[in-house]
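Both complexes shown next keep subunit A, but they swap its partner, so subunit B is in the first and subunit C is in the second.
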Partner chain A sequence: MIHFISKRLKHSLVLLFLASVVCFTLVVSAPGNVAVLIAELRGAASTPGYVEKVAEEIGLNKPLLMRYVDWLGDAVTGDFGISYRTGQTVSADLPQRMMVTGTLIAGSAVIATLLSLLLGFLGAFWPYKLPDRVSRGLALIGASTPTFFVGALMIYGFSVTFQLFPSFGFNGPVSWVLPWLTVAVLPAAVLSRVVRVGLEEAMTSPYVLTAKSKGLGRTAILFREALPNITPVFINALGTQVGLMTATGIIVEPLFAWQGVGDYFLAGVRFRDFMVVQACLLIFLAFFIVVNLIVDLAVLMTDPRIRRQWS
Partner chain B sequence: MHDEPLLSVSNLTVDLLTAKSAIRPVDGVSYTVRQGECLAIVGESGSGKTVMNFAPLGLMPTGVTTSLSGSVRFGGRELIGLPEPEIRKIRGKSIGFIFQDPMSALNPVRRIGRQIAEMAELHLNMTPRAAEARALELVKLVGISDPSARLRQYPHELSGGLRQRIVIATALAGEPKLLIADEPTTALDVTVQAQILRLLKDLQRRLNMAMVLITHDMGVVAGAADNIVVMYAARAAERGPVDKVLVTPRHPYTRGLINAIPKREDPIGSQFRGLPGIPPTLGAPFKGCAFAPRCDFAVPTCTASRPPLVPSADGSVFVACPVVNEGRAAA
Partner chain C sequence: MNKLKPIFARLNKFPRVALVVIGLFVALGTFAPWLAPQDPSAQNLLQGGLGPSVAHWLGTDHLGRDTLSRLIIAANTSLVSVGSVLIIAMTIGILMGTIAGYHRGWVDDLLMRVVDVGLSIPSLITALAVIGIVGPGYWTMVLALALAWWPMSGRISRAVAVSIMSKPHIEALRVLGASPWRIYFGHLLPGTIGAVMVYATADAGTAALAVATLSFLGLGIQPPTPEWGQMLVDALPYLESDPRQVILPGLALTAAVIGFNTLGEAIALNRIPKPLTRRMLAMRRIEVAGWGKENSDA
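Up next, the complex of A and B:
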């Protein structure tokens, strides 16, 4: 187990480094010049001379490799530089924003898990009957509706029409409900199909025939025999969905005026705020890697056949 | 009650209906099994031997509509028409099942001890603790070394032979009166087959259970069974005590089967003797004897009407063949 974790962590570090190179390349090759934007922001006329002064001030005129090495050297010590837009250090902005995004993803992951298990089991319990059709219909709608539209619907329905939940802000659980639901819709829809299909496959397997021959009832077979067999598959799919929630957050956070990492990232991209974009991308990547590691460990724990290869 | 056989199947017909097709894999079959007795059901693949035993007990795949007629009496109770919750109480409790492939018959992600113990919890109302103790006893009973360690293991950690012993232990956990073993040795290594068969036979005698042994291995039949039913294309071709049917087979199909067993005198490298032709599909019912097209002795009456099972002179062996039974009246 320890061996497994340390090996995976080593791989993760290499991956993070390679990813940072890719991010850097992408960001510096994006069109637009931050020096022009800063000059405009300061109210000064963006004459070529002044823009050049700004560029020199923030180190844009150094060779690319130098810029990358400088940035990486600081980043490994936790210093992500200074935001061109606000003048604040990025590291000072990040913890609060990570907390916000963490709350969003954690809550949505729990809701998506519960909802998908409920829908999947409803379908598996009454296959091809009404509950299964309803569950499948909901999954189809949920998986094919864009998140920004889901969010707008949520605000319109629960906030404007019925005034049940606030439409913006980060003030305790009541205000978290709508963003959570908005992010959870797509993963819940996708995962409910994973549950439903997995259970159906398990229910036609020989060990379920054995379970039937033992006199177990349908409920006991679904929960005791089939569920443990789809757990590793479900955890894998859940991990992918949780990773993708970082992307959904970029859309949903501004929608509900949450000051999370996604919102930070979006603002950074708009302003060519290289330091912010770079830091956010690295955080997203690190999050993906950590989620993957947790998923692998969870699969290791729920599937004894894989466990043996590593113990 | 004492006189009534534990299991008595009479004129059982099974129709399987799927969305696209309808077949009749069991067509008017009768047999009985008494307590402590072992009945072998032999026949080639698709002859209906598995469906015949599983369908009346509700062990058919989902999505298949099963329609049963005739009678299956077990322990004085009619099973046909019994609602599923009632049949479920019988499965595992009074009737234990052993399956062909122990590699897939056990749940891969659950500990072996749990898979055995849950039977005792369900059918003997044991506490989990008592059930675990019973599981340990059962694992010892089926001759597994290091039993307490085995209970904590998962199926993939055991060999095929050990897994089949676990399947047997599970089947015994509810203290069944009848064991139905569906080709219990087919998926095993040849060296292990004999061990498992000996174990089954030994357990059956010690626990005084009845056993239905579904197989296509004549060696298994000779070694374990008291009586035999030979199935061909959904029907019983011949039925009787093993020592009579195997030694002096009467039905041409049974004769062909026994003749197909390789003999020691056969020269090395000689061809295997098979039966000419292929078995019929079960889609359309036959008017006459289903074996007639492959039979060397067939006469016109064979295809005219369905041959009934007719007892031999001493009344022990029943054969459905108009040629063998010529001049003999149906029972």
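Up next, the complex of A and C:
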């Protein structure tokens, strides 16, 4: 157990290091002279003297390895440098933005879990009957509809036609509902198939036959015997989907005028603001790594087979 | 006619939805310039936001452009960009995969670690990061998406290459003294390309989705050229007064993706007739076995 956790932690640290190297190289390899950009940003005509001073100030003249160490040291303490576009520190409103994106992902993950369990169980309870076919059809449509189209339909349906929820803004749970639903559609569709297929597999296994022969009802078997068995698989798939939600967030946040990390990343990409792109990318990669770590630990908790392997 | 029979018999086993939708998408995309009833960029501000009529079957957008023509031309835009993305991505992926599968050893380990990292990052984030560094544009979009896409075909072609390399005829060739080049280009590469192509067709749906998403964000195909995602974002400000212009491109895109996803599911469930997918299934078995191994390693 302890051995497993320490091994996974080490693995994650190596990945984090690799992620930081990727982010750093990306910006270093970007075309154009950063010092000239910043000098222009500060209104100074790009005279060679001033550019030289800026280069000195942000440490451009140091060797690459030193620059990486400096940058990493700053990044670890939450300092991501100066935005080329605004001239202000990148980290200024990052905590606020991370909170916004966190709200989006957490809410969507809960909704996706509930929806997919509902759809998957409907399908498994009446296999190959009408509910199963409906849930399969919904999953196919949900997995195929582009997120931005889902968002547009949500706004049109719930905020233009029936004025139930506001179409933009981040103020209070009522305004959170539409973005949550929009992000949750795709993962719910994918996860419902995971639940449905996992349950079908579990239902054909010998221990379910034993339970049946003991006289247990279908509901009891599904919830007491099959559900614990698909939990590790489900958690694994949920982890992947939560990671993908950061990408969906990039589409959904601007659509609903949320000032999240995804929105910040997109703005950085639009204006080629490398420092913002770099900071957001590092946050995303760190998020994937942490989610993966949590998923592995959760699987360890819920799957006695793996636990036994490591004890 | 007799020669066509086996082909038709094979096509009949495809899911019908996929067949119809993909056929329609490819046909529309290929012959779009001749099929579009009107000039897709001809504006007529006096006739903006009209409903369906005899002149404009699906109405007009806020600039008075014929929606049906724009939807058809958009299929062409989408088909061309998805094709370019997949061709570039598959070229990189097949090269990397076959090299890894041919050499094994540390080359294999290194390339597959790169593939693992590439696969674990959502393709949209990879593509956006590349666009953010290089700057937006049509070819940047294609290259960025190809860079986000190659790890998938890389992993598959590596698995296929490994299975081909373990076949007896490769060993026989070695014994007969065939040069590595002959084994690579004469036997390994052709076999791998065939298998990866099948998989790529099923993958085209997500690629089309990615092109539309980047265009929606304003970083892919740029305005006068019609593209579904870009048409949708164009019409979004008029959602309240003219929802049709938002819903139509969205539906067209969704239909295309549903077609490709159905095909993908049929391939995954082994419903496609054998000769086409024999190698693919071998690859899938190896890949699935690999997952089990990874999990027990972790």
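One rule holds for everything that comes next: the second predicted complex is superposed on the first by the 260 of 311 C-alpha atoms of A that agree within 3 Å, B and C clash if a C-alpha of one lies under 4 Å from a C-alpha of the other, contacts with A are read in each partner's own complex, and residues count from 1 in each chain.
One rule holds for everything that comes next: contacts are C-beta pairs under 8 Å (C-beta built on N, C-alpha and C of every residue); 3 or more make two chains touch, one makes a residue touch a chain.
Computed from a predicted structure; not experimentally measured.
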item: Fit or clash - subunit C, subunit B, common subunit A; value: fit
item: Which of subunit B and subunit C A:P304 touches, first, second, both or neither; value: first
item: Touched partner set for A:A152, first subunit B, second subunit C, both or neither; value: second
item: Partner chain in contact with A:S29 - subunit B first, subunit C second, else both or neither; value: second
item: First, second, both or neither for A:A247, with subunit B first and subunit C second; value: second
item: Subunit B versus subunit C as contact partner of A:S12, first or second or both or neither; value: neither
item: In the superposition, subunit B vs subunit C on subunit A residues touched; value: C
item: Which superposed partner A:T86 touches (first subunit B, second subunit C, both, neither); value: neither
item: Touched partner set for A:F288, first subunit B, second subunit C, both or neither; value: second
item: Subunit B versus subunit C as contact partner of A:S175, first or second or both or neither; value: neither
item: After fitting on chain A: smallest Cα gap, subunit B-subunit C, Å; value: 15
item: Complex interface listing, subunit B residues touching subunit A; value: 57-59, 61-62, 88-93, 96-97, 99, 101, 104-110, 118-119, 122-123, 154, 156-157, 167, 170-171, 174
item: Touching residues on subunit C, where the partner in the complex is subunit A; value: 117, 120-125, 128-129, 131-136, 205, 209, 212-213, 216-219, 229, 232-233, 236, 239-240, 243, 246-247, 250, 253-254, 257-258, 261-262, 265, 296, 298
item: Residues of subunit A touching subunit B in the complex; value: 127, 203-207, 209-217, 224-225, 228-229, 231, 302-305, 308
item: Subunit C partner contacts - residues on subunit A that touch it in the complex; value: 8, 18, 22, 26-27, 29-31, 140-141, 143-149, 152-153, 155-156, 160, 243-244, 246-247, 250-251, 254, 265-266, 268-270, 272-274, 277, 281, 284-285, 288, 292, 296, 309
